[in-house]
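Just dropping this structure here.
Going by the order they are written in, the chains are A, B, C and D; count residues from 1 in each one.
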Amino acid sequence: MSKHRFELFSDGVFAIVLTLLVLDLRVPTAHGLRALAEVWPSLLVHTGSFVLVGVFWIIHQAGLERVTTFSVAGIRWNLVALFWSTLIPFAAKNAAERPLESLGPSLMAASTGFYILSMLGLRLSVHSTLDDTPELLRWRARRFTVFLVLAVADLLAAGLSWIVPMAGYLAVAVVIGYVLIASHPADVERRMRGAVESGET
Amino acid sequence: MSKHRFELFSDGVFAIVLTLLVLDLRVPTAHGLRALAEVWPSLLVHTGSFVLVGVFWIIHQAGLERVTTFSVAGIRWNLVALFWSTLIPFAAKNAAERPLESLGPSLMAASTGFYILSMLGLRLSVHSTLDDTPELLRWRARRFTVFLVLAVADLLAAGLSWIVPMAGYLAVAVVIGYVLIASHPADVERRMRGAVESGET
Amino acid sequence: MSKHRFELFSDGVFAIVLTLLVLDLRVPTAHGLRALAEVWPSLLVHTGSFVLVGVFWIIHQAGLERVTTFSVAGIRWNLVALFWSTLIPFAAKNAAERPLESLGPSLMAASTGFYILSMLGLRLSVHSTLDDTPELLRWRARRFTVFLVLAVADLLAAGLSWIVPMAGYLAVAVVIGYVLIASHPADVERRMRGAVESGET
Amino acid sequence: MSKHRFELFSDGVFAIVLTLLVLDLRVPTAHGLRALAEVWPSLLVHTGSFVLVGVFWIIHQAGLERVTTFSVAGIRWNLVALFWSTLIPFAAKNAAERPLESLGPSLMAASTGFYILSMLGLRLSVHSTLDDTPELLRWRARRFTVFLVLAVADLLAAGLSWIVPMAGYLAVAVVIGYVLIASHPADVERRMRGAVESGET
């Protein structure tokens, strides 16, 4: 199974999910600067959801960059992952209209947790061997564990949101923070390969 | 006619159809866990329609994976197939708002039946010879027959839905079950090729 | 300028325009078969507009299949062509809600006329020389003239629609008929090349 | 990081943003030519926003045409740039419904300014060396400066719009004019290379 349609289809879904978020922004009724005051909370939710879907895309791109062929199981895991990402605009709409109700943050944390779990399933199904050095394999295994912990934490937070809505927002923010701060596989590879080459001299 | 635009255009349509389904999810008015109770029926319809369009995509991808050039007739069959897939969000909206009315399940079964028929027409128009072994050709012919039977059953169920709405839902569920359980052409090829190679030793 | 982004971007727009048409289909209020009676006029408009956008895509694909690099002027002509295709969902919405008002058919015919003109401009800007035989070049020149006549006829019909709304629908139907019946460049090339090769023997 | 997904994802977003603009066009209630009179202001806003997003696409395509690999920083800059382009449909909706309110033009100018700044950040992060001649490098540096000035002007105009709404529209029009009139990198390269080759003879 070639990579081309896999990426085509997934990126189509991500691009649309990202853009649908804007459909719920409404023209304010107030005038002058008060119009900005009326509109900024939904702009903030739009920005947050955009960043979350952007992080989903980075996880997808980083995880599959070095993979070139996919098994049939991989196709199914990918569809499951895309399913969870299509729920984000609905979760965001709930969070924008009723930020302190449990449904919005709970759905957001649950979608994020299940998205990460599906990506880990997809990752296990591709058996990429490639030309990875032992260091890289160790790094990848550690990254896999961190994502597993993050996913479980998000699912717990999705349940906890029904008591404390803030839990859902917090768990999603932790995932965003980790993906934006942690090293990207491409960086790690370059760094490690550089180290190996210097070491050989 | 090259494969590139064929896939680009089709995957664009599938990706949008998948994502449009979420636009009809409405923010509930109830509070706490009752909000979840209010929203879960439409979430269920969303999930079901997502799986159906995902199955449409798998049929498209699996059927055309080994094909590299398309005739002019193929382009037209593909447009007809895409047309039926664009009706799914409307059928799903009907099923979500009025699940026991005939229109929703009938339209869903009819779209699925005509989609499969168009894909069979597309498949016949591409004359892929490739390097198929006789076993593979036999397997492909059997798969073609199964899909033909499924398509006819779905069209009959689309008519029957006007008396028993459940018929439409059932016929669509059978297609989903078959595609998810049956072997993917890529698996079969690998297995058969493996058998041939072992046999040669 | 390479072909890749050109096709990516254009097919993205076509795929979305095709799919947006379905957003205007409304769940009927009548029961049983009367629900079908209520919904079929908008299903018919959806089908007609789908076919029209499908024809736009075929014109785009057939015209640029053998072209591999684009000038800067080509990019601008393409954006103009895509602009006219984005107006089709709006023209279709007008035609569906008020079929005998002039605005719908006039906008549909005008968009079709200007779309074809932009595609002819795009075609002139790419200077494809390729390996065309004199017969093929003559065939292409004749096809160019037919499209020019069709475009002018559609623009005239767009004006006439303000007196006789039917004129717009008719002019668009003629374009659809021509594109679906006329030979596709890929067919003509194969046939002519075949003739040349047979003639050389 | 390869170019493929980069372009796939970005073009998906641009294609959807372009097409979403049409969703806000409403079927007029007046009859005959008065329907056209009722609809033309929103058609004008649609056209203007289409041209603006088209210009965003040209900036993206022209800036990254010769680049083949992207750093991790590049991915993030690109997401930021896409974010600003998703705000255009909302800014356009504001401008269409309340053209003399500050919010629409201010948001439009701010999005344009920040989009250009993100593209400059993306451009700085890719370190394209390629086979550029010194003249080309000088030309690129000059172009970079012009875009920086345009971006700053748009951000100032976004602030000024709260006093004089026209400022926002004007600043965006200047960007559109510059991109459509100024030379495209592909043209400049060809011209300079031609000059070098002639000079060598």
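Here, a contact is a pair of C-beta atoms (placed from the backbone, for glycine too) under 8 Å apart; a residue touches a chain by one contact, two chains touch by 3 or more.
On a predicted model such as this, the values are computed, not experimentally measured, just so you know.
Colleague: Could you classify the subunit C-subunit D contact as same or different, where same means more than half of all interface residue numbers appear on both copies?
Modeller: Different: fewer than half of the residue numbers at the subunit C-subunit D interface appear in both copies.
Colleague: Rotation angle, subunit A onto subunit B: superpose the C-alpha atoms of these two copies and give the value as a multiple of 5 degrees.
Modeller: The best-fit rotation has an angle of 90 degrees.
Colleague: Report the inter-chain centroid distance for subunit C and subunit D in whole angstrom, where each centroid is the mean of the CA atoms.
Modeller: 27
Colleague: How far is the middle of subunit A from the middle of subunit C, if each middle is the mean of its Cα atoms, in Å?
Modeller: 38
Colleague: For subunit A, which residues are shared contacts with two or more other chains?
Modeller: Only 8, 12, 15-16, 23 qualify.
Colleague: Flag every residue of subunit B that touches subunit A in the complex, lowest number first.
Modeller: 7-8, 11-12, 14-16, 18-19, 21-23, 25, 27-28, 31-33, 35-36, 39, 47, 50, 54, 57-58, 61, 65, 180, 184, 186-187
Colleague: Which residues of subunit D touch subunit A in the complex?
Modeller: 1-2, 4-5, 8-9, 12-13, 15-17, 20, 23, 72, 75-76, 79, 82-83, 86-87, 89-90, 93-94, 97-98, 101-103, 162
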